[in-house]
């Protein structure tokens, strides 16, 4: 069981990473709460925070139990240009994250993301103002650190980091890009360099691409930083979906997005592999994005339990590598209670009329 | 929005079905709460009810919002032979279901299921005693009706119905069988006949098989009842997984069970089809079992909204047939905002090294 | 190496089968010669026999080398109602078959098939006249036995057997049906009974369905004959394509017919399995139909070499179970030189955008 | 119908290519004759040329009818280091090719390929001697031009070109590489440059990779030549198998090689696409290698009939784009008699337990 501690006494995000600890991130909010009935696909805004705070609280709790060390405020797109009541949403989201974080060894990270106006207008002052408005709420709530995430363009991400940096709190920055780089053609390596130079202490990717593709992008970021002689902590929060067939735009361009992605959902064993490979790459902040359910986060925590020295709370309800099946009455099901079985298994889709890959729409 | 009413003023389950109403059942508890971190695979017992009641309450809420008219008490396997604290679990489960049911137009159904001892001992007196013990709690909590579910053998299901029937409350009975019948070779038609003769007012299947297979079994049950000149209401609660490759034992014998079923998860559009076909078969109690998430239940309620005259609460967060995408900035994503698109789509698995079907282990 | 003998000295077909010998049939002519450039899809008539006899001679030679004991005259659809010059085609086809048969231990079997007029007119006299005309050529050429093949309707097949029977030569009769029976709903068992009663000494199926489906049909034929207390030799000549997704009409109703069947072509190892299962079912006349290339026939002869006591001539160019790879310079290719490797291999299609099954058009 | 002409009066290969004509190559010998029973997998040597010349003659005839303008002598690996009787094989192979070439508008090209000793010894003198020995036979038979093909290493290919060049006849040179280049890491562009500088008038790729991969390699060769300011004719002879999952070594490293490649065989429609794309890339010598059956070559000739002005002889047995089906009695089969149908069709494999891609062994 993870050591817990009262607020204030917790080690900060940089303290953890600097000392070589693995930090487990949390997972999917928008897509998960859409399936639970609280978020509208297409809008993808977090009004549930004020409409049904208990549903958000519950999801935070599940990630905490799964081993997450970070409670991200559910403030995605909660900016003045995207929704009404954005101010309330930001405030309540901070309270919800703090309330749950205090039940375990987790920090509160407040997040901002790309704006709807960047692509057309590229108005730096206007966009920085939007970020500033969210930041003021976060500062008022005294969050532990800040995340600028889901940026398609390095330029806008840099603006975000510059604003957040002003707060004095540690800043992480992730882009929603794949190995081909940002939508202006900036490579992953260059993106990482720009973000670190702007002030981010932690850089990486989130969303848009599946586990193996995201790790390829991370490798390129790492190489870019090394080539530039820069040091930063690495962070990855991939999709919980397999997307080997994506183009530069990622999973939103796949024909299955967003209502038929089910056959692509990763198993917990896929996530064990992802966690191990991320660790081996030198990444120490490892979490998930859309499609990453609590049991996927638990799989990260279980895979890296030897390194971390403890299992997450929810592992009391999970036999390592399927060992909970060893009491089953059917011998062929008992035979599945071992690592080798699940590592080798190639799961069928039950969909013989469907292809295995799709052609992206763009 | 569905009409709601205070407790007591609600129409009973038979009143609804007799008048031709569609009753939407609820969905998955064990597998869903396993993924949320509260149930242990292998054990599959509902101790979460007393350990983390908020998590159970939340799941009930999600099904209610999705349009379910029935809150099933989470009492699966909560009998004296399967777990300690079974009595507390049964009592609290009834309270949780009632608390949520009272927030909408839903009834509370208390459920019992097959026992771990039937297969070896076939001790009718002992097994009926186990059922009787659970029933006493249910009666004390004044649930609205009773469900005997997940029976592999018609004989044990009949014993369950006989016990429940003694309470005077309406009894529904479902078996976890496929078109090949129960594990003693009793056909679906014969099973249905036995259950109705034993006193069940509602009969059908739950679990173990996917949507299309379950509907085939229902067709055989319907034919069996017609041939025997019996009348009963029909009920179906299939898996939320596609299982065309199952043998008689159902999904537990598939190599992917229970930790790699992800590629088989039904889309919401698959469930629209299931709901419509179930309705066309004359089934009026339509819900789900393992793998049926809240958004799948919502899909039943949305497909049958024309017949029922209203949408479920959670449809405020769901554009019919993907219509919420019509404001998207990318034109190729806007093009997905229509029924024809999702009905025709054959979703890819993103798993080119995996087969589409598996050979069951038994 | 197979014992050979001059004409006249050869054992007849019934002599062979009565003594328990395995008779290896030949394979595909129409589809194979279409791919070689000599037969027109749609027409499917054998004018190549007179236009390019060397091409037909070569294909006969390949089947002889592969181990076939029967050279079927390429007279499919060469009747007065289907093509001009039918008389020449029948005569030359007999000569070509005889010329090659005399180079080894093979018999000449002359074949007739269903007519284009049966379905509309069902004019028994007219159809029997057509069969009679072909038979006269065959008798003049003194073929060794006769085959009535590719019948969709038991009634027309019976007419064919009745005509052929008049010649005094042994008669084999095969239908192009699957487990669901003929297109009038006559079951495989009933078809077999009718054919034997009409005078066929050998009955079975050819074409339209793949190996495993054809063997299911054969099992039903065998059971039908047993139930009726009849005895006959069994014969199977399946497609060389996998067709698990066929309906009653067989592969012609699949969307891939006839120009995109490639991904369905059986491997030689699939045919080993087919040959063994056919043998185990008691079938002793085992060959192929459309899609069965010479190497598929060789696979039958190699699988049953232990029972027959010899390998076919073409096995001088084939290492048993891939053993010819044992000299390869790459060790991972040498590792494929064994039975276990090829029996376990699940071959990929290299087509990630394609499904594994199709919905038949009818 | 193609214009034919007597020997001597025919235009040479460079005359044709210089004037912008499309030259259609021939297809598969080794794998095709293995399936016909005359070549041994593992050895892959052409002793059939002297053992069963009629079988080789027939295959040449089929490619000629399919529209091939080149009869390649079946002298693959027929060098002193790989087989006995290599001298006879080379001589007879030239005669067979000439005999058939003279029946139509085709040239005779004599081919040499990589040696078994290059990889270990890299003995230039020894290897050039081997090439020289084959060349002497070719010169004695007065072939029309020469092809150096199937080279894994640019260095060995250059040696071959240098030897062949000494004859004064036009030289084509193809490598069996993919987009990653030769096995020493020489890029496709560099390979092309080296071959042209060594004296090849025509350069390209053959074997080892499927149609779309081979065209990617050709694009890189073309770019390499352009960048170097060199001009040469381009030639492509891809596999008749889909191999999107290959690594650098090509299809021999796929687990299905060589006995379970069936599901990967291209349809004729895939080859139409290949021919069109090759043409659009500026390639004017378009043929096939292993797996390319006569009907695949016909598909090249049919796709490019508008550019060439005539159809090949075998098109008398082929309705363009399936039009031969328009007389079928079943309306749903008639509906397949059109281009749009076959272009859109995604053919199923009939193998639901198999994956779509494989992991190469190396």
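We call the chains A, B, C and D, going by the order they appear; numbering starts again at 1 in every chain.
Convention: a contact is a pair of C-beta atoms (placed from the backbone, for glycine too) under 8 Å apart; a residue touches a chain by one contact, two chains touch by 3 or more.
Keep in mind that what you see is a predicted model, and the values were worked out from it rather than measured.
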item	value
Chains in simultaneous contact with subunit C and subunit D	A, B
Chain pair showing more contacts of the two, B-D and B-C	B-D
Farthest chain (mean CA position) relative to subunit C	A
Whole-Å gap separating subunit A and subunit B, where each centre is the average of the chain's CA atoms	32
Averaged-CA centre spacing for the pair subunit D and subunit B, given as whole angstrom	59
Rounded Å distance, subunit B centre to subunit C centre (Cα mean)	50
In subunit A, residues with contacts to at least two other chains	245, 346, 352-358
Complex interface listing, subunit D residues touching subunit A	346, 352, 355-357
In the complex with subunit C, residue positions of subunit D that touch it	34-43, 54-55, 58, 61-62, 65-66, 116, 119, 210, 241-245, 252-269, 293-295, 298, 313-314, 316-319, 322, 324-330, 332-333, 335-337, 342, 345-358, 361-362
Subunit A-touching residues of subunit C, taken from the complex the two chains share	245, 352-359
